[in-house]
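Before anything else, here is the set of structures, which you'll find just below.
The two complexes that follow have chain A in common; it is paired with chain B in the first and with chain C in the second.
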Partner chain A sequence: MPDLNPAQEPPLPSKDTTSIPLPPPKQFVPSLRYPSNRKSIYDRNLNRTKTSDISLASFAYLFNALITYHHAQSGSVSEIENRLNRAGYPIGIKLLDLLLYRQVAAQSSSSRNTAARPTRMIDLLQFIQGTLWRALFNRPADALEQSTTKKNEYMIIDNEPVVNTFISIPKEMSQLNCAAFVAGIIEGVCDAAGFSTDGVSAHWAGEGDEMWPGKTIYLLRFRESVIEREEALKAGG
Partner chain B sequence: MSYYFTIIGTRDNPLFEIDFGTHKLGGDGVARFRDEAKHMNQFIVHAALDMVEEAQWMGKDLYLRRVDTFQNNHVHCFLTGGNVKFMLLMNPDPTASSYASYRSPPPSRPSTARQSASMLAANPSSQATEDAVRQFMLEVYEAWLKCIMNPFYQVNNVVTSPIFRGRVATAAKKYL
Partner chain C sequence: MQGSDVKVVFALLIINKAGGLIYNRTFAPGLQKLDSNDYLILAGTFHGIHAISRSINPAPASPPPLPGHRKTPTTGIESVESSHFRMTCFQTSTGVKFLLFTSPEQPNTDTVVRRCYEIYGDYVIKNPFYSMEMPIRVEKFDRALGGYLVRP
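After this line comes the complex of A and B, so read on.
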């Protein structure tokens, strides 16, 4: 049998094909790779500049791709919403810290370190309605309401969610609201801040509303433990 | 004067650890913990997490100041919005701490008192110490944010980046 690889060296100690020689140990290569300009993620600026806003067209395109993917992967409306919610969740967790940092950076010039962790429910809700919404959509949410029947349910109302601008829902899926993605972001913020929820969901509320046919309600259901802690804090001052 | 800094995730899981010494007063930046301190530090910081949970709902500030003290060790905490804890343990003279005899108060050591009087940990609740630690924490917070902005980073992942470690070391050199 002719040697198929005559250039191979060093020659194998035996022609026994059952014993495969171990490959020589690879030289250690650091796994951290730098881009060509040698700038890592740690060299980037965390503060927002005027030019860092993304155009609505590119967002809509990406969001469309996201929905198409999850639509193809799932069988029911609730599963699509669930998947969109999961896609938004990690964004919310990270956004909370980023927005707090920007508060420090914006105010450090006037007074020393005034960023505030939301520790009360009303702070958190106002943070979501104001700061978070302004960071995401450049305007505060349209309303913030507490459920009249349940103590642990709050509603954030957006008359015209930007994410739904170019989404048309087919008739057979009329329940689907793709703002479930934003609901996921809200859930991430609540969870990260220590206000665990039983889920945040997005619901259509614009039926019969001529002014805002796309009106969406985000329903936040906080856990009982969160309510109890809130009351204990109130009692303690 | 030695420091032990660790980042604790939301499930009380450690994400990052580093120890270093002071660079002030001619220090060489090397931690002088004794061998047994290696695990005692983790233990002390872990015990301080209970104090953090108590303090975290009392104020809105991210920096919780000094949360716990054990013998000569002082633990300062910085809590991020996402409930991740930056814990800094400082010990002015780690070679003098004996963990075995923790029931008795630490003996006073006049020989080192002279040298450590101007150190940060000599009066851990003083304004200068709090300010220095706050500055240090804010700088780490910035690096931490850049780390979690990585789309591939998920909550409670261990931080392995050598650049992040370098950033923390630089902040330590600058302020502590």
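After this line comes the complex of A and C, so read on.
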């Protein structure tokens, strides 16, 4: 051990003398992997809708990994739901554009080259219940209702959410509904369409329903400004 | 007794790869009641006997498998029969054992036990809140098994 004069020592923490220098930064290597025919996901046609079904088992595997990750990271039921919601949100934002693009392609006789985004409340809700649900789950949602007490709240009801097919919630967190992920997608669609919300959340319908034990209600709470705009549009005809 | 009444699935036990009992459910009355401790002992004992039965396999030693190939597994005990019940055992490739207790008249018990394995694969293994090797307390698994095995 060399005897160092403390006055000459640079004013650095002592552990720096033993630290290992950082390796030189690595060159960027793209991680996008190409299948054998050299066609990546970006080479595919955006309009391919017929054969775009994916296997439920592979979805379940990915969704399982997503839930396990967020479950390990968070301390409470509401935090897990919040994180699942955030995971779905960017999907919703992109889905709105993609679905509008595909809608036009489906009705190719139409003279317009892009479908307009839904601008009225009813159009948006029907778009979510019909088009969005059919694109995601291949069937429309089971019901669409307006709250009787608050006029800014709407409910979309799914009797058996596909994402919950294989998921059973343990008793100690019975409030958790993993369809919060789908709620995040809905929130993304609403935001991208210009209907800002105070959040979209997924709730269990309750014990009463023997026929559909997994019945889930998505609660959409729109901002006051959105409601005011809607009233103004309605008044203007 | 009617002919259809004697075909009964009494109970299903699932034993994990360490010999612990992770699931135990009775579907129809008929078996003598055991207390939960006895079920644990039954599972552990059967696990041991099954392991021995695999190693006393009288088949001649096969040549070592080619690289990339697996030796054909020896199955061990597949069923135990008595005058009043038959126990069918199905071991998965990961070492989980399904024990199905039926009446001797029940046909196709191997199909039934494989269907139970499929239900287990769907609702237990694909459930993010189940930890492997632990007792199975999964609502949808119970419901799916009930729908398959409980007679209305």
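The rule we apply is simple: the second predicted complex is superposed on the first by the 186 of 237 C-alpha atoms of A that agree within 3 Å, B and C clash if a C-alpha of one lies under 4 Å from a C-alpha of the other, contacts with A are read in each partner's own complex, and residues count from 1 in each chain.
Methods note: contacts are C-beta pairs under 8 Å (C-beta built on N, C-alpha and C of every residue); 3 or more make two chains touch, one makes a residue touch a chain.
Computed from a predicted model, the values in this text were never measured in an experiment.
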Combined model on chain A: chain C and chain B, fit or clash: fit
Touching partner for A:Val104 - first (chain B), second (chain C), both, neither: first
Partner chain in contact with A:Pro90 - chain B first, chain C second, else both or neither: first
Chain A residues touched - chain C or chain B, whichever exceeds: B
Chain B versus chain C as contact partner of A:Ile169, first or second or both or neither: second
First, second, both or neither for A:Arg229, with chain B first and chain C second: first
Touched partner set for A:Leu46, first chain B, second chain C, both or neither: first
Partner chain in contact with A:Ile67 - chain B first, chain C second, else both or neither: second
First, second, both or neither for A:Gly199, with chain B first and chain C second: neither
Three-chain overlay, closest Cα atoms of chain B and chain C, distance in Å: 24
Footprint overlap on chain A, comparing chain B with chain C: none
Partner chain B, residues of chain A touching it in the complex: 32, 40-42, 44, 46, 90, 93-94, 96-101, 104, 113, 115-119, 123, 192-194, 229, 233
Chain C contact footprint on chain A (complex, rising order): 57, 60-61, 63-64, 67-68, 71, 166-171, 178, 213
Chain A-facing residues of chain C, complex: 122-123, 126-129, 137-141, 143
Interfacial residue positions of chain B with respect to chain A in the complex: 10, 56-57, 59-63, 79-83, 134, 138, 141-150, 154-155, 161-164, 167
